[in-house]
Each structure stands twice: as structure tokens, then as C-alpha cells.
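If you scroll down you'll find the structure; I have some questions about it.
Labels A, B, C and D are assigned to the chains in the order they are written; within every chain, residues are numbered from 1.
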Amino acid sequence: MANFKGHALPGSFFLLFGLWWSVKYPLQYLSQKVNKKSQRIYCFQRVDAIEGGLKIIFALIGMLAEQFVPDGPHLYLYSGENHDWVKLMNWQHTTMYLFYGLSGVVDVFTYLFPVVPLGLDRLMLSVAVFVEGCLFYYHVLHRPMLDQHIHSLLLIAIFAGACSTMLEVFLRDNIVLEMVRAGVTIVQGTWFWQIGVVLFRPWGGPMWDEKDHSNIMFLTMCFFWHWAAAVAIVAINYTLTYCCIQRRRAGRGEPYISLTAQQQKRDTSSQATFLSGSDEE
Amino acid sequence: MANFKGHALPGSFFLLFGLWWSVKYPLQYLSQKVNKKSQRIYCFQRVDAIEGGLKIIFALIGMLAEQFVPDGPHLYLYSGENHDWVKLMNWQHTTMYLFYGLSGVVDVFTYLFPVVPLGLDRLMLSVAVFVEGCLFYYHVLHRPMLDQHIHSLLLIAIFAGACSTMLEVFLRDNIVLEMVRAGVTIVQGTWFWQIGVVLFRPWGGPMWDEKDHSNIMFLTMCFFWHWAAAVAIVAINYTLTYCCIQRRRAGRGEPYISLTAQQQKRDTSSQATFLSGSDEE
Amino acid sequence: MANFKGHALPGSFFLLFGLWWSVKYPLQYLSQKVNKKSQRIYCFQRVDAIEGGLKIIFALIGMLAEQFVPDGPHLYLYSGENHDWVKLMNWQHTTMYLFYGLSGVVDVFTYLFPVVPLGLDRLMLSVAVFVEGCLFYYHVLHRPMLDQHIHSLLLIAIFAGACSTMLEVFLRDNIVLEMVRAGVTIVQGTWFWQIGVVLFRPWGGPMWDEKDHSNIMFLTMCFFWHWAAAVAIVAINYTLTYCCIQRRRAGRGEPYISLTAQQQKRDTSSQATFLSGSDEE
Amino acid sequence: MANFKGHALPGSFFLLFGLWWSVKYPLQYLSQKVNKKSQRIYCFQRVDAIEGGLKIIFALIGMLAEQFVPDGPHLYLYSGENHDWVKLMNWQHTTMYLFYGLSGVVDVFTYLFPVVPLGLDRLMLSVAVFVEGCLFYYHVLHRPMLDQHIHSLLLIAIFAGACSTMLEVFLRDNIVLEMVRAGVTIVQGTWFWQIGVVLFRPWGGPMWDEKDHSNIMFLTMCFFWHWAAAVAIVAINYTLTYCCIQRRRAGRGEPYISLTAQQQKRDTSSQATFLSGSDEE
């Protein structure tokens, strides 16, 4: 839906997932390090499955919203009488949601059937993000300058996310890549909101001049402020997660995570196995 | 041949190979897992050789078809009297087939002579796909908008396939990459058919308006529906293969493939060796 | 600041860092080789932290300079009366400095808290360079040809640096990548000076004709002369570092670094572990 | 020199190196395999040094030719009287040769001083090719269509070569990459000749119509015929090398290189170490 809600809805979805990932992956990384890399914490696999379920639900919500809003296509694709396609915008958005739904399905299957090759879930997620990017690329081509620019900035975040997720197919459980994914997803979420606010002014305010080059310049800069904010959010969540773990261990009378040179060394050694897919951490 | 047959022919070739790969590679992967990665199943190498032979045959069929159709160049490249090139379109298509033929030759040689370095077969295939992409890129430059757009969408699938195949040079026997290749090849096949149907309407129907932007938008979306379909096909074939193997083993009274955490673990460990070229599978 | 100082300031920063890196990394590499890769020389980690501090200081200087020059925005972003943005150029430059500051902060944290995953520092640096590149890309779009070309050449160095630094996330302590980073940073520094000199002629001299194509051609060539110079500088610094180490060892009566085939062999073996992140250095 | 000689000269250089590499690397690969990967054949390192020397000589010849042809700049860069640059074309070509010279210098140093990090030679070669590509990209921008297209095709080969050589920094002694480099270099050589023949018709013949689109189409196709030819040449040289080794061993009464499954297996295992830089082969 080319209106505020149509941007706020996916924005919120991405924001939720980004924030959740920025908590989940540090938790996984740190608790594995605590447990001396001994056993893979099984619960995290269940969490992946639940995530997949949420993706499916969100995707369904998105698709239904795009289809059945008052001015939606209501599942009509081609109207016979006036020989034309019906609401292709909504159909394209539906397609985007569809691929995120597929990604969710693969997540669930990966959990249910160990015979599914590892990495397919990341691959499917990466494809979903990539498809979203391609569809955006083509469907903002013939818009006014401001509209086109603000969406093309979104493409930077989208394709950055697609690439880093693609890398995760081969470098699974790489904490750096996972935090990149979390950050990029947060940026996507906040920028969707920004787009909605700039183009549709939900709370009134003056219209943005679509020709004014200084608006373009401001938005370019603003986009990277979102990046800086995302970096800060991820860092804060990482720190909070670390503190929680330390406190819980202190409560259980266990030793703190040692911050010694050895620890550092173990880090480097785990870093050494990044390129050979360090999932045994 | 810029007509329906000229798109249906390569489309069918790609479709056949894509479908075959989406069965073969899961079969290889699963049967290797069953056999505890002990011995490399030799028969699969013979299958590769047969594939190479098929590629050569298909390439020859394609080249002959392009050359000797009634309105073809019949191997004339330059006509002396009117000082011009003869049917360059057909010659370009012939060139595309030629490289797939070369790829087939390398496949056969890799099987016949163990001294041929491994990876050359994948490399040659990747080059063939890349060359096809380049030739398409240049020879749709000066077409009407719809024609150009529908072919440029094809380029996405082509270059995605070229990249993933290039990766296989270094990550041989990586099931994820192999399934990507299968999926992308299926998309190429179906999309060739789509192009033929849209541009040449073999079964009549109204002409597509080449200027109408909504047609462009629909085709963009339709292209990714082909992707979703390909994902589904690959998934279904993977499942069927798995079921066949299980039934056969059950028939032979052998244990089922265990779906325990250990199995999962072995998966992750094999996944861990992806980047170091998992050849022990 | 779109004037000479505004280019000389960042130019000097990059030049300083590039030169420093071209000394530091050979030093680290060679002294580790001398010490038989036994223990990681700890002091180098402290050096990283100090570097981070310097980055922060330089970034602050840059931001304050951009904000509080006489014709700067003085932290005003939007002026109410004439309903327009204030000095967006300066704001964009401030944003660039901001990300380098963030990179410095991450460097310091990586040193202080071993629990910070290794690679985040390189990642943040790479993001900072990438952001600089994106902002440059957008804010020279509507300039005269010469101005645009001379900045677009800078983009080559910027994105080359961003990519090589991104690789360092996975190939930490890879001497080749580190020397690439040093060289590219030197080029950026010198080219910033070149831009300032060409566009603003601090020492007078004739105006450059912005339309003249031969000026474009000369600058293109000149840019790669800077590359050649950077290569030479890095090579010289590497040699000097090597000589210093040899002399110091000679002074301490220790044996010279052997240049035998074994040495060569050890090199190759360490080279062999490049892709698995050579952390034992 | 924008004339036939100016294209034939570099073309011959590239052709010589491509052909030489297509013999040298198979020789190295096969003789190492024969010797059971035991010792690195030392002579090949001396050969690298000689290659470096040849590069330097060729680069010098090229630079002198560009400078001191009758219509060359004779080392004058800026002419005072008519306030303009002198023969920038020749200067740009000189710059290209310069970087190949630098690459040669690094080759020699790598041989002389084992302390030079491995991979720098490949890096420098890759940079030289990349610089050549960038300079070509910029200096054919404002040419007639045919001229621009024929050079832009060259860019495909150039950047493909730059990428594969860059990969060799991390995957040294990877026979596949080395054969890619050989093939791409041969294509560059032959295509330089093609350009010279098409644009300057050294042996007379009719002028090519620069506007005619069919000429563009033919050249695009012709470029990839050069690729096919290069593939054939590399394959033939590989075979000849193999036969020579076999005959020599037969003469010395040594066993043939075994073509058994074990051999195959060893291949795969060596293939397995590709990504961890297989130079111990």
C-alpha cells in the first residue's frame, strides 16, 4: 500500500526482528563461550524454529493486509472489463512478503528435519532480502526524484543485508555476520518508518519539496544517522546481554567469564575458524 | 531464432538439466551421508560423464537448429554481394550453444582423465553461463522496452547461476550451491518459455502492449513467482529423493537415516568443512 | 568545508594513518616471524587502542572544524525563518568524521574488553570507509565535470579500501591485506591534497578549465601515479623496518632472520593458513 | 600510440606471457604431482624471477616506444607555449606499462628476499591489470561507438583477469586460477591484435562502418570466439605438457603417472585444500 501504514507495517516487522536478533545472537555467542564450547545449546535451535513461525505469521499478515485493504486487489490480478492489471503495487508487495514466508518455512523445516542441509535457511533468507531489493529497484524507477532517492537508499541496506546473509550460508554462527544482519535489519525497519513519515506525513506538517536538492542531501545524511543509531543499539544490546549473563552466573555462584589474555587467545582461535564455518563454538 | 521455438528449445534444455540436477545432487548427498562418507560413490562420476555427453548433444542440436532453420544463415557469416553480415542473431545463439558444448567436453574429459584438475568442469560451465549472459546483455540493448526488460530479468538468473557455479570451483560437492544451481537453471528454463509465450504468443491471444508500464511491473513480479516455483520444485524433489532412499533401505532391512542430534551434529561438522572444500562427503 | 583546508585536513589525517600503518604492520609481521610465532606480541594490542584514541581525537577535530568554521552551521541543522537546511555540506562531512570516530571507539573497546568479538574493529572501520564513499558518491553528483571526476577517482581508492578492510574481518593479521590498507589510505590522503590543490589553488596559479577533457585525462593518469608512489612508499617503509629489526638483533647479538628455503617454507605454510585466519602469528 | 603498432605491441606481450603461462603452470602442477608433493621444485621460483625480469624489459620497451615514437611526447608532459598537455594518450599508455614494470620488480624481489610476504607478487600483478582496466575505461569514453565497444569488450577480459589474479593472493598455486589467468591473458593478447586490425586495417581492406550496429554485434560474438580459442589453446598446451612429462619419465624408466581412483582421490584431497591455499602440493 503506497501510504503510511504500508511502510510502517514492514518497518515494524523488520525492527522487531532486528532488535530480537541483536539480543539473541550475543546471548548465543556468550553462553556458548561460557560453556567452553562443549555442547551446542539445543534451545537455540528451537528458538530458530519459533522465529520461522513468526516470520510465516508476519508474512501472512502482510500479504492479507496488502490484498484486503479497502483499495486492495482482493486477489484479483487481471480485470477482464478494462483489460488491465489490478493494483500491481499491492501484488508486488505481496510477492515480497511471500518470500519472507518461504524463508520462515525453511527455518521450521531445518529444525524439524535434520536431513535438511544446514545453510538452506540462511540462503532462503538471503534470497528473500534479495528479491525484495530487486522488486524495489524496479518499482521505484519512474517516481519523483525524492521518492526514488529515499527508496534507493533503502536498497543499500537491503543489498548489504542480502550479501551478509549469503555469507552466513558458508560462515554459519559467525557472530560478526550475525550482528551485521541484526544492524542492517534495524536500519531497514527505521528507514521504512522514515520513508512513511517523509512521504505521507502521518502527523501533518509541511509537504516536502520533491524537487529541492537539499532535501535529497539531508535524507542521504539522515540515512547514515540511522546506521549510526543501529550500531549504537546493537552495541548496547550486546552489553546488556553480557551483563545479564554475568549477573545470572554470579547468582549461581559460578565464576565470571574470564577476561584474561587466554580468553583473548581463545577468541582469536575461534576467529581463526571463522572461514571454516565456526559453528562448533 | 527470434521466434517461439528459438526460446522453447533452450528453455526445455535448461528445464531438463535443472530438474535432473534437483534429483541427482540430493541423491548424491543423502546416499553419501548414509554410507558414512566412507567411499565416494563412483557411479556418480560416470553420471557426470553422461551429463557431459548430453550437454554436447543438446549443444549440437541447438547449433544445427540455429544454423539450418529455413531462415537461418546456413553457416554463411558474411555475404559478399550486399557486403553485410548474415543473420547475426542466429550466429550469436550458435556461439552460446558452442560454450555449453565446450563445458560438456570438459565434463567428459574430467571423467576420462583423472589428470585433469578438479574444478575445471565447474569453471567451464560457469564460463558458458557467463558468456550467455554477456551475449544476451549486448544483443537486447536496442530492443523495445518490454522485450529488453523481459530479457534483462533473465540476466539476473543467468549471472546468479554463473556466480554460484564459479563458487563450486572452490566449494565442490557443496549441496547448498548445487541446489542453487539446480533452482536457477529451472528458473532459466521456465523463463525462456515465458519469454517465448509473451513475445510470440504461440497460442494466439492479444498482443502485449510494449509501452505499457504495468506490463513491465507484472513481468517483474511474475519472474520472482518463477523463483518461488523453482524453490518449491527443488524442495519437493529433495523430499521425494529422501523418501525413496528410506524406502529402499527399509526394503533392504537397513536402518533408517538417523535424525538424531548426532546426525545434526555431523551435519554441522560437514558444514564446518564447507569452506575447506568438503570432499570427504 | 568546500575549500582547500577542508580537503587538506582529512588528507593529512589519512596520510598520517597510512604512513603509520605502513610501518606498524611490517614491524608486527617481522617481529612475530622472528619470535617463531611463539607469543603474540602484546604491545601491539595496546598500540591498536592508542590508534583508536587518535582516531577519536582526529574525528572530533574534524567535526568541530566542520561545524565551527566562520561559515559553518554551528550545530544548526534547520533554520526556521527561511525554511531551509543549514550548510548541509558541512553536516555531511561531519557525518563522515562521526563514523571514523565510532570506528575509533570500537578499537578502544576491543582492547579494553576481550569479550568484544574480534573482527568488529575491522568491520567498523570498513563501514566508516564505505559510508564516506556513499556520501561522496551522492554529494558530487551535481558538480561541474572536473570536480565530479576528481572526486569519483577518489571513490576508487575509498571502495578498494572498504573491501580490503572488510576482508580483514575474516582474514585478520593478514600482512598483504594490511599493506593494501596502508597503501590505499596513503593514496586517499595524497589525493585529498591533490583535489584541494586542483580545485582551490592555494598558491594561486591559473584556474583549471573545468570543461577541458584533457584535464580530465591528465587527472585520471595522475591518480594512478599517486598509486605508484604509494606502492613505493609502502615498499620503502617495509624495507626500513626490516633493516631496523636486523640491526637491533645484531646489536643484541641475536642471529639474523634466516633467509633460507626453510624460512621460505615457513612463509608458504603461514600463507597456507591465510584463508583460515592466521591467528598463530 | 593510437595506431596498429600501438595495439600489436602490447598484444604480443600479453600473448607471449599467456602462452608461456599455459605451459609453465601445467608443468609445475604435474611435476609436483609426480614427485608425490614431496619437495617444492625450486627451479620454478627462479623461473618466476626470470619472468619478472622479462616483465620489466617489456614494460621498458613499451614505455620507450610510447614516449619516443616520432609523434610521441618525448617525455614532455606540459607544453608552456600553448598551455596544454602533450600527447596524453601516450602518457596514459606509459602509465599502464609502468605498473606492469612495478609488478615485475615485485616478482624479482619476492625471489631475491624470502622476507617479502608471499602473495605480494600476485597482488601487484592484479593491481597492474586493474589499473590498465581503469585507464582504458576512462580514455575510451568519448570515442565513436565501434571504437568504444571494441575496447569495452577488452575490459571484460581485463577485469576478469584482475579478479582471478586477486584470488591468487589467497589461493596461491591453485592450478585452476593459474590456467584462468593464462587463458584470459591470451584473450587479451589476441583481442589487442583484433582491435588493431579492425580500427587501423594494417593490410588495407574496406573501412569498418562505425555506425553499423551489425558490426557491433559481430565483434561481440567474435570476442567470445577468441575466448573459445583461448580455452582450446590452454587445453592443448596442458595435454602436450602432460605427454612430454610422461615420455621423459618413460625414458628414465620411471612409472607413468598413475590414473587410478587413488590418483583421483588425491586430486580431490588437494582440491580440498584449495581454499586453505594449497601451495604444499
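Here is the rule we use: a contact is a pair of C-beta atoms (placed from the backbone, for glycine too) under 8 Å apart; a residue touches a chain by one contact, two chains touch by 3 or more.
Here the structure is a predicted model, which means the values were calculated and not measured.
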Far-end chain from chain A, centres as C-alpha averages: D
Chain D against chain B, contact positions shared by both copies (same if over half, else different): different
Between chain A and chain D, centroid-to-centroid distance (C-alpha), Å: 43
Chain A and chain B: spacing of chain centres that average the CA atoms, whole Å: 30
Residues of chain D touching at least two other chains: 171, 273, 275-276
Interfacial residue positions of chain D with respect to chain B in the complex: 29-30, 33, 156, 171, 175-176, 179-180, 206, 213-218, 220-221, 224-225, 227-228, 231, 242, 257, 259-261, 263-265, 267-269, 271-276
In the complex, chain A residues that touch chain B: 40, 42, 45, 83-85, 88, 91-92, 95, 98-99, 102, 113-115, 117-120, 123-124, 127, 131, 134-135, 138-139, 142, 169-172, 273, 275-280
